[in-house]
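Two complexes follow with chain A in common, the first pairing it with chain B and the second with chain C.
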Partner chain A sequence: MKICKSVLNFFIREKILLALLVMFAVVSAAADSFFTVGNLSNLLIQVGLYGVVALGMTFAIIGGDFDLGAGPMVSFSSMAVALLLGRVGVVPAILITLFIAFCLGLCNGLLVAKAKINSFIVTFGSMVILQGMALTLGDGSPAATNHPAFNQIGALQIGRISFIFIIFMVLLLACHWILRYTQFGRNIYAIGGNYEVARSSGIHVDFYKASLFVLSAVFAAVGGILMAARVNTGHPTIGDDMTMTVIAGVVIGGTSLSGGKGNVWRTLLGIFVMMFLSNAFDALVIQPYIQRVIKGLIIISVVAIDSYSKTKIDVGDAGVLSKISKKL
Partner chain B sequence: MDDIVLEMKHISKQFVGVKALDDVSLSVRRGEVHAICGENGAGKSTLMKILNGIYRADSGEIWLNGKLRNIQSPEEAHKAGLSIIFQEFNLVDTLSVAENIYLGRLREKGVKLNWRAIERRAEEQLKNIGAEIDPRIAVSRLSVSQKQMVEIAKALSYDANVIVMDEPSATLTDKEAQKLFSVISDLKKKQITVIYISHKMDEVFALSDRITVLRDGVAVSTAATKDTTRREVIASMVGRAMENEYPVRQGRRTDETVMRVTHIRRKPVLHDVSFEVKKGEILGIAGLVGAGRTELVRAVFGADPVSEGQIEIKGVQKKIKSPMDAIKNGVALVNEDRKELGLVLKFPIAENISICKIGSIVRKGFIQRKQENRIAEEYTGKLAIKSTSCRQKCVFLSGGNQQKVVLAKWLYADADILLLDEPTRGIDVGSKYEIYKWINRLADAGKAVVMISSELPEILGLSDRILVLHRGKVAGEFENEDKTATAEEIMSCAIG
Partner chain C sequence: MEKRQKKKTDLKKYRMLFIFLGMIVLSALVNDRFLTVKNIANIMRQIAANGILACGMTFVMLTGGFDLSVGATLTLAGGTALTLQPYMGVGGAIAAALLVGALCGCFNGVILSGIKAGSGEAFMITLGSQLVIFGISLLVFKAKFIPGSKSAVYNAIGTGNLGWIPVPLLIFAATAAIAHVVLAYTSLGRRIYLTGGNYEAARLSGVRVGFYKMLVYVVVGVAAAMSAVVLTSRSGGCSSDIGKGYELDAIAAVMVGGTSTDGGEGNIGRTILGVLMIGVLNNILNLMGMSSFNQMIAKGIVVILAVWLDGSRKTDKGGAES
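Presenting the complex of A and B:
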């Protein structure tokens, strides 16, 4: 009974996870093509690609900001790495791409932290700039990555698990460690939780604010490089739709948009939900246009249930699940 | 006389595991000023939130204006004739006074709003309580006291005959408070009932007809004000007799100057302020709201930029351009607004305590969480912070305990110079006494303490020396090592 109760309590707190498991079971039963090794390993690749970008976004959101330029940064860096490959080789191409992302992120960060320009405007501006730069690089057309070693990054599998997903998980563990156990991580929570308190506690707030945008840009660039390796092409608009999906994923997981709260495991959960929905609809052979409508509705209702039950708990009213748990 | 306007019967309310109210009954007569006293966490706010429909009681009945009510929202409370003015005002700063008063009720008929009528009605409401405020200006341009008048006018515009005021004088100057008191006595003449929640005994005794004391969620006593004494009320609030309101210091100040501030200017609030503070000294800073007290300590702390001035710490000139510089030089600031400026409320106690000196618990890149908890436990023990564990989030602590966490944070940061801005604002009597003891103890340990307070008795009871500010200038300085300064001389100096 005791285990029952703690399991139940866990799911009361983690309603999104519960919702995901239920939907997962339903779709597995309903569609033959869903619960197959091929499809699931495909799902993990998607989670890995979006997840990497979401890790950077998680830092930004915990720190009380967000980066609208993350998606276009994926497009830009996929183009950059593809074009550099042939000229300088794999490792330099990747390093140069990451370095460019670092510099661009630093520009954003300094504009927000030092020049005190609203981050929405700064990242919106850089979003447009990055889109333009990505298109300019290849004159509007994609660039093939004709380099077997590089393409191997996207194709490699260990067991049936893609190398991309493994890279994502390694980065996730590193981010978890940084956020939970380092001074750097703690101070990011502090500036997101209360900027003024952080400042008056002697935290170098400008540095941390700027780092949020650097991290977001660099992680997005990693996403872009992996994307290019996966599809063997640098594509000037491939990541443009990713920004909103990634922000939504982070927030669905439960990281608060107001900052100071959340963690990367929640991001993993949120991105998983987002990727699962797209994948499941394809498996269920639902017409793509209506997919978007249903997807939107599911996202809103899942979060609505979660925040509704949270306000209930704050007021001291118990939900159905907690009533069951009390009886156990 | 026994015309009961509001009766709460056997109200109980439990939050996850904690009994906030236990069988509380309260009856309020028509046209009386009924004071409710109690320490923070005694259940005053919970009781009021139940009245207002924000919380639902687990059991009990509310009778208001002769009917049994089931109040589920503030709107329903308004309809039943009850309005609450919370400590944090519910006003939209960017809208005008008139818009705020009739917010949600701007439209009478048709689609187009009749601004002239709305403004005229707002003006009338304000005139009724003797407030001269232009209903067309934005609320952001009003003083705290004027905002409060707007809140009262708003409450009355709902035709409320019961008005609850939660700590209404906490942020007012003495003069503004007098104005508030005269408005309250006017309301009383109009047979409007006022429920007055306050920590300040002076006010409670000057204003109220009856006093109810809550302690640990139980209504311990209700008495007619003229039949009880200040001492009795305080004793039933804390559950024990209080000897003195201010503890006596053991040690004495030294002659060694720790910080010297010279000719500090910050237009338009500070005009050439100089002062020094000695090791082991408690320097009280008095003055009216707007005299530049908060601005002065913020400037010294590097939180606001200054146009001129030098700061010398232990004889060495220092450049303090940011709080980071100040902390490096051993200066700490305990803000008056602890929710906005003192604590990260989303953080657990332990993480708030270690925030300034987190570097000291990092080993090989790792934050030593066990060590962090040990430190937190040490300080929660020392300062008697009431909590379930040191990983409890600060948002769930009472005001007094939150303030103790702020103090713990600066104790751990080991600052030599403590700037305390209204360290006991909104804190209950029992916790206040503990904070006073700590201020004395810090001074005894050789720290220099600069304390701002709007409560003169506090300044007189604790400080070794008193600096009075008036319009951004030093208006006077009083020796007070043997507590010889008087309230009259300080006040007349502060008024200018």
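Presenting the complex of A and C:
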């Protein structure tokens, strides 16, 4: 009984995970093409590609901001790495791309932290700038990555698990460690939770604020490089729509948009839900326009239920599920 | 001493206006076609759609909200206005479009006021309804380009002139004037400010905060439908992505003007200034013959620079609480 209760309690807290498992089971039963090794390993690649970008976004959101430029940064870095490959070789191309992303992220960070400009304006501006830069690089057309070693990064599989997903998991563990066990990580929670208190207690808030945008930019660039390796092309608009998917994934996982709460495991869960939905809709052969509607309704209901149950708990009603749990 | 302090804040208040005037002088020096009547009329025609939308968005942002779904609403309403015209006539079609806009806004508003959403939730929920509304418009109009209206009256909304003045500018000016009067001089407006400024205090002093929270989304929905009518009339048709990016342009215009994202602070005048700045910027970059890719880069840089130079909305918080 005790195990039963703690399991139930776990799922009450992790409603999204419960919903995901149920949906996973339903779709597996309903569509033959879903629960196959090929499709699932494909799903993991998608999770890996979006997940890497989402890790950076998780830092930004925990710190109380978000980065509208993350998606365009994916486009930009996929173009940059593709064009650099032929000229300087694989490793320098990747390093230079990451360095450019670092510098651009630092610009954003300094504008928000030092010049005190609203982060929405700064990242909106850098979104437009990055889109323009990505298009300028190849004069609007994509660039092929004719480099076998580089393309191997996207094609390599260990077992049936893509190398991209493995890189993502390694980065995820690193981020988990940073957020949970280092002073750097704890301070990011502090500035996201209450900026004024963090500042008054002597945390160097400007540094942390700036580093949020650097991290977001660099992770987005990693995502762009992996994307280029995966599709063997640098594409100037490939990531533009990723920003909103990634933010939605992070928030659906349960990281609060008001900052100070959340972790990377929630991001993994949220991104998995978003990627699962697209994949499952395709497996169920649902028309893409209807897919949008359903996806939107799911985002709305998850956020609404989550927020509504929070206000209910405040007045003492803990909801149906926990009443059942009390009886057990 | 006190006087000087006051003078300083007064100047600060108008800093954005000076930046804007500086921009105009600079543009006039760079390109001699800029300060011609024809070009100015052209700018005014171009900014109308974004301007109307930004006026509505000001209402939402004054309550501390956000609406990312207006671009999709614009597409749906624009398609409605054009598709229904053969059946209902111009007036009926426009009324139907406005109704569609109001319904989309109502959908957001009911949910957001029901869950007492903060700006974070408003961001996510309207992102979700953006997908829903855009998906519906793709379904209804089959993602096809809808050809423009055959009615001369409808086409005059976007392309006509009244004397020297373009009709879209008149619509924008009328919308802005009404919005300004409502916000500045009516109890309705004051309550919207109150709801955004301090939600709890407003609620405790008897303001029906839930209602106003809902109302502002209806307002922005109707505004989106109005700019849809202007836009589809001006561009002679409605493509499936006509509204794409309009939500961010409108929010950027409101914020460049200096309305705070926290709510309770800002006004229509500032929004108009923001709309004008972005419109003039687009225009001068075009006149200079810059490629569209480089235009994007320049636009991003100038928007950030303008807000930086403005500086009067400096918060000691170091950026927006999202």
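Here, the second predicted complex is superposed on the first by the 328 of 328 C-alpha atoms of A that agree within 3 Å, B and C clash if a C-alpha of one lies under 4 Å from a C-alpha of the other, contacts with A are read in each partner's own complex, and residues count from 1 in each chain.
Assume contacts are C-beta pairs under 8 Å (C-beta built on N, C-alpha and C of every residue); 3 or more make two chains touch, one makes a residue touch a chain.
Computed from a prediction, not measured in an experiment: that's the story for all the values here.
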Partner chain(s) touched by A:Y189 [first = chain B, second = chain C, both, neither]: first
Dominant toucher of chain A (residue count), chain B or chain C: C
Which of chain B and chain C A:A198 touches, first, second, both or neither: first
Chain B versus chain C as contact partner of A:I121, first or second or both or neither: second
Residues of chain A that lie at the interface with chain B and also at the interface with chain C: 196
Chain A - residues contacting chain B, complex: 180-183, 186-187, 189-190, 193-194, 196-204, 260-261, 313, 315-317
Touching residues on chain B, where the partner in the complex is chain A: 13-16, 54-56, 301, 303, 322-324, 326-328, 333, 335, 340-347, 351, 355-356, 358-359, 362, 365-367, 369, 409, 413
Complex interface listing, chain A residues touching chain C: 61, 64-66, 68, 111-113, 115-122, 124-133, 135-136, 139-140, 195-196, 205-206, 209, 244, 247-248, 251, 256-259, 287, 289-293, 295-300, 303-304, 307-308, 311
Residue ranges of chain C in contact with chain A within the complex: 111, 114-118, 120-121, 123-125, 127-136, 138-139, 143, 248, 251-252, 255-256, 261, 291-301, 303-304, 307-308, 311, 313-322
